[in-house]
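Structures given as structure tokens follow.
Each of the two complexes below includes subunit A, the first together with subunit B, the second together with subunit C.
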Partner chain A sequence: MRKFIASLALMVVAALPAAAQQRINLDFPGLADKAEEVVDITLDGEMLRMASKFLSGKDAEERAVRDMVNGLHGIYVRSYEFANDGEYDRALVQSVKKQLGPTWKPIVTVRSKKKENVDILADMRGDRAMGLVVISAEPREFTIVNINGPIDLERLADLEGQFGIPEISKEKK
Partner chain B sequence: MSRRVLLGAIVLVTIALPLSADFRSVARALDSHPGVDRVSVPFLGLARLAVWVASPEGVHDFQLATFEGAGKLDGQQLQQMMERHAGEGFSPLVRAWSKKKGEWSFIYAKPKGNGRTELLVLSHDSDETVLVRVDVNAEVVARHIEHEPRHVGNVSRR
Partner chain C sequence: MTLENDLKRTMRRQQPDAGFAARVLERVTADERERAAHEPRRRWWSAAAASMALVALLGGYTAHRVQEHRRGVEAREQLLTAMRIAGEKVHYAQQEVRQIGTSTSKER
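Then we have the complex of A and B:
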């Protein structure tokens, strides 16, 4: 019985990192009311599976993206565009970052006084990324993308333009 | 006599079609708003019956309602209507709006099992408001789009 309890405890501990992947709170009360344009996409569980079916199975690249998407737990996009500069509190970026645990590591950080600030952070478990957050804060636009689940970072760019995820790398060119 | 029987059969089958409380509830909420009028679409019931019987390209059922005079409704009111009346099991998939253009779109979804999903779509601009409910098999629809991309192009151009 003691052995059983010990192995059960081990199993629970081993399962903890996966269970610890929690959805980041992306609700910002009152922000949508101030914004001129809002895009709010919530794809989780079965809905994500359904959406992935619209990726072609013929093309090898799209098939690989589809396989990656099938392993994800959720994709969440929040984008707000404002009429004037400074209509949202830039402290929102910090409020999102504060929710991220110690396993979250910055991958890309872009700072600009006039244009946008971009932060890309990944939830690294060993050499695997189990989640990703992209925060783009411009004077008139605030966008957050949260991808929950195992991600092949090399294939990440393939997700741009799919499921409402903005084409960040193309915008930078 | 046979014409009467046929007519009666059509009426009976149309009545017997699965009624979606979610769709009706949202439509009723929109219709009850002062100044908003539902526009009737002729033969829509027959079209729905045909879809229900034949399930073309993975579409098992649909309902559609268009409204005039909803210009005074703002997006928040529409969002509240969807949240309050979309019904159990429906969750928001896409909510997008542009105050500048006066356009509001909401897509709520409910998985039904066996690969089928119910989508409740509310699209609103200054001219009209359209509410659609479709019961689709995403895999069959996706397969059709993959094999017949020209059809999708034709539909999107309309």
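Then we have the complex of A and C:
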């Protein structure tokens, strides 16, 4: 019995880092009102599992997505497109970064005067990325993606443009 | 003593009048006949109630399945959109890093 309790306690302790992952606050009051187009996606564990069931097993790309989201705890996307340059506060990028704990490491940082600035940060636990935040800041567009759970960056990048899904249908205002 | 006599007189055994047994039997059979006459109607109502309950149950279950399917399809669309956005941004960052790497190696 003692052994059982000890192993149970060990399992709970081992599970703690995953459970300790907190969802990043991606609510930016008033930003959606300023934006011309908005994408707001919140897929928690239950919704992800449900979505996975509806992905085709025959389609290679959808199968790839299904394999990738298997084990994830949540996917959150906020994307705002504005009519004019500088309609959002660039300090939002820092406000998101500030929320990230010490395990979060910058993986890629792209600074461009002409195109978009992209920050990719990963929640590194050992050599595994257990979470991902992608912040993309353009003069007229601000996008944040938060993936909660073990994620393979290479596979994620490979997905781009591969599957025949329609153009992002943003909520038109 | 009067009370005792009254009681004795009241409680004394009496024979039922002629035809009592026949009347009782007739009443019993009449009740049974009446019950038998209502039985098919009662059965019909029970069957109808059970059928309606079954239809309501099946309808509720179908509506639930339709709603779940709708939610699932919506979640699938959202998931694909989310992965497309994430993939697009990561792909862009990777490309930029590769471009820098290529131009650096050319300079050398």
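Everything that follows uses one rule, which is that the second predicted complex is superposed on the first by the 136 of 173 C-alpha atoms of A that agree within 3 Å, B and C clash if a C-alpha of one lies under 4 Å from a C-alpha of the other, contacts with A are read in each partner's own complex, and residues count from 1 in each chain.
The working rule: contacts are C-beta pairs under 8 Å (C-beta built on N, C-alpha and C of every residue); 3 or more make two chains touch, one makes a residue touch a chain.
Just so it is clear, the model here is predicted, and its values are computed rather than measured.
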item	value
A:Met124 touches, of subunit B and subunit C: first, second, both or neither?	neither
Superposed model, subunit A: greater residue contact from subunit B or subunit C	C
Partner chain in contact with A:Met47 - subunit B first, subunit C second, else both or neither	both
Touched partner set for A:Val65, first subunit B, second subunit C, both or neither	second
Contacts of A:Leu26 with subunit B and subunit C, given as first, second, both or neither	neither
Touching partner for A:Val93 - first (subunit B), second (subunit C), both, neither	neither
First (subunit B), second (subunit C), both or neither touched by A:Glu36	first
Overlap of the subunit B and subunit C footprints on subunit A, listed as residue numbers	39, 41, 43, 47, 50-51, 53-54
In the complex with subunit A, residue positions of subunit C that touch it	68, 71-73, 75-76, 78-94, 96-97
Touching residues (chain side subunit B, partner subunit A) in the complex	76, 91-100, 109, 111, 117, 138-139, 141-142, 145-146
Complex contacts: residues of subunit A adjacent to subunit C	39, 41, 43, 47-48, 50-55, 62, 65, 68-69, 75, 77, 79, 108, 110, 112, 115-116, 118, 120, 132, 134, 136, 143, 145, 147, 153, 156-163, 165, 168-169
Subunit B-touching residues of subunit A, taken from the complex the two chains share	33, 35-43, 45-47, 50-51, 53-54, 56-58, 83, 164
